[in-house]
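Before anything else, here's the structure in question.
Here the chain labels run A, B and C in written order, and each chain numbers its own residues starting at 1.
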């Protein structure tokens, strides 16, 4: 994104607590301390990169108050209690300036059923399909090529990126972001096998997504057999995640990419699940549990503690202990062979002494 | 889904073998024994939940014949040989009533090539693209935004959910369901590396999908290098599965979410593959094998038996034995150290005795 | 794909070094030595299948010069220095003949912003959306239903299969192929947790994809927090892969299906990553490393060597050693128990002797 600030505009926006150095030049890019060049703005977010501040070519650097460093000539240091937070504010402003903001139009190539209810200031992009009796609340943005099924509901201020599918009867909360390729409410994987033939079990429930949820690109969340598959308020889900039918996920969880959660499992609040984790069906993961990347969880027992790792998962301590010992296992075999040899030499002699 | 039955309508539909209790009230929702409230219908599918029947607030409960329980006041018990089957019948009826059924229209915003052959009673949604020489058989439903490539064939009574892609020359059987985001017939991953440059190997085969196959959301099935990637009749595939080029999958298999099957592998009939399994290329998995979730299979040997687990996979017995012993491995190291210590104390003495 | 060659046309196209047998018949299909029937063409790509040449029913077979075999009656053997290369040439010709080639039209149902810059001989399919200030270079093919965001750039001769999404400001090189369902430039997964609430970190960087890159169906590549997520020239990525924000991937890499690479990790040149691999964030994988399927890499140390395997990954030697010993671990427990028993019998006696 190309942008252009005069440094004083940036100062007016971020209101630093302290300013050292030259303040009158234009700013046109943003990046890490290493990659930012003259004319750019950078920041120190983690004190371990402190040494990079002195080497940085950035013209303006956002720094923590406690840092005691002076800028080079033609450089400006801006000091904050929380430079990361200041940077976030700047990034939001850049985003707002650079990305075109839709303002409440319905594209003529959208296909909106006459029975659908569309709120105030809703933006609907080209090739969007909104089916019968769907409800789109105020200030929703639906980008190109999305599909909103029959009787689906999208809450206020939510954003659907291009090519999202929300199937019939599913309900999306307020301020939810669905990224491209997300499929909400496809059928759960349920079959009853009769004489070797897999008969489909109808999936007539829906998906209910709470407020302030984000769901990453190409993630799939299946509709319930009946009742609801539920994602709690403030939970953030990464790309290519699979969530099975009748799963309940609590509030404020983080679920990293390519994780799969099998049907009817319940995840508590503030659970953090690493990438490529697999969680079996019909189990409960309590509040506040952390699960390391690529783990599988087939059952949860309280003795596992709050941090799990491994396949199948153990307590983090047990898992790390095993991983440390694993490369020593070949040597353990050798040690046991040696013991056997020593003992076999020893034993007959001992036996002999018995006589 | 909101629906409304008078209980006598439900009785006419399901024809229970025995009825106990009050039969004249409306039914407006469906769910598990615990979550269903007054005015709802529930069922006992698994005898381990028997105790929940007595506590359930559901107004009508579908029960197995052998259950000897009496309903509360204002409650009705309906008895069946197979209450799950009765429930399925009810769910199908609800689905039919609640979901709008398309009846053979072609949406004016569909783009259908003049050379495509379209059967009787075919429903084609908005923004669907049907390319040249494609063949769509009778009673097919193609929902919004699907793409049907040049010379592709869709068999009778199949249903394509929104945003499915079927590439050129691929063939889909009868009564197949493709859920949203499915990609059939993308190129197989084949390159010949010449002097460090990966030269593409053309993929001019196709994908052939048998009758009664279901394929889950965002699953990808690659076209063959030549000839066919094949999915056998009655096989059901979950979401986000990857099936490589020239794979052959037999009949009646179940393949759970996020599993990947590498190129040119052959899977027999009635194989069940858990979630997040990885199967190497160019191997054979015989009929009736079950593979536990998150396993990897790099080769199959008959001594593994019919149930596999682990990474790489072993027989289920060996795998479970290993997983039971795994947390005891740190202790095993301690035990061996102790043995070494004891023996080292013992050995010099023994040696001494030799003198 | 149905095609039809007279054998002499095929000879004119491929120019074999030597021809033995009958050369005047039509060729209408292509396949492996086993599956090809009379009227078809096959090849010997790997000398281990040599015996299948004699049994093959194929009418024409492409063979290496060194093979000393005579064709059956009505069969023709065509000899080449590299029969695989000859076959590739034939397949390309079949592909060109059978697949309809778009020639520089813009479909009337495409939605192209007036400010977008569209090169010469660009094909844009139905329902494609090209947003403001996007740049599409010469000879690009964009198939049905793709979305090209604001200020995105597509380099010359690139091909986008149906339903690809390229978000705002992302840059695609020359001769790139993006397969169906690919999402380029969705937001990176970045949140700052304040009092249990996950506050979104704006993702204002982009994705930059080098020349000659292929990206498989339903793969997702996230935009950078700032600066770029980068895919190097000539790298080939399979289906359903996840690449996090600010990842840098070198040139000439191969990344197999369902692999995930976490944010800010750097992958060198000519790295080969098997299927379902997980790579942690903020690490470096040097040039030329090979990572076995289903491995996880949480850090890379040079002592691991160039070939890694396991979860977490070890050197291939250590991993294979562990996998060979793993089924013997139950027996190791037995051996240690036996040693303990023997020693306990021995020890008291020894102790006794001390007296």
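Points to keep in mind about this one:
Please note the rule applied: a residue touches a chain if its C-beta (ideal position, glycine included) is under 8 Å from a C-beta of that chain, and two chains touch if they have at least 3 such contacts.
Note that the coordinates shown come from a computational prediction; the quantities given were computed from them, not determined experimentally.
Rotation angle, subunit B onto subunit C, C-alpha superposition: 120 degrees, expressed as a multiple of 5.
Interface of subunit A with subunit B: the two copies contact each other largely through different residue positions, with under half of all numbers used appearing on both sides. Chain centres here are Cα means. That of subunit A falls 25 Å from that of subunit B. The set of subunit C residues touching two or more other chains comprises 109, 127, 145, 163, 181, 218, 240, 258, 276, 311, 329, 332, 336, 339, 343, 346, 350. Subunit A meets subunit B in the complex at residues 109, 111, 127, 129, 131-132, 145, 147, 149-151, 163, 165, 167-169, 181, 183, 186-187, 189, 191-192, 196-202, 204-206, 218, 220, 222, 226-227, 240, 242, 244, 258, 260, 262, 276, 278, 280, 296, 298, 311-312, 314, 318, 321-322, 325, 328-329, 332, 335-336, 339, 342-343, 346, 349-350, 353. If you check the complex, the residues on subunit A that touch subunit C are 1, 30-32, 35, 84-85, 88, 91-92, 94-95, 98-100, 107, 109, 125-127, 143-145, 161-163, 177, 179-181, 214, 216-218, 234, 236, 238-240, 252, 254, 256-258, 270, 275-276, 293-294, 311, 323, 326-327, 329-330, 332-333, 336, 339-340, 343, 346-347, 350, 353.
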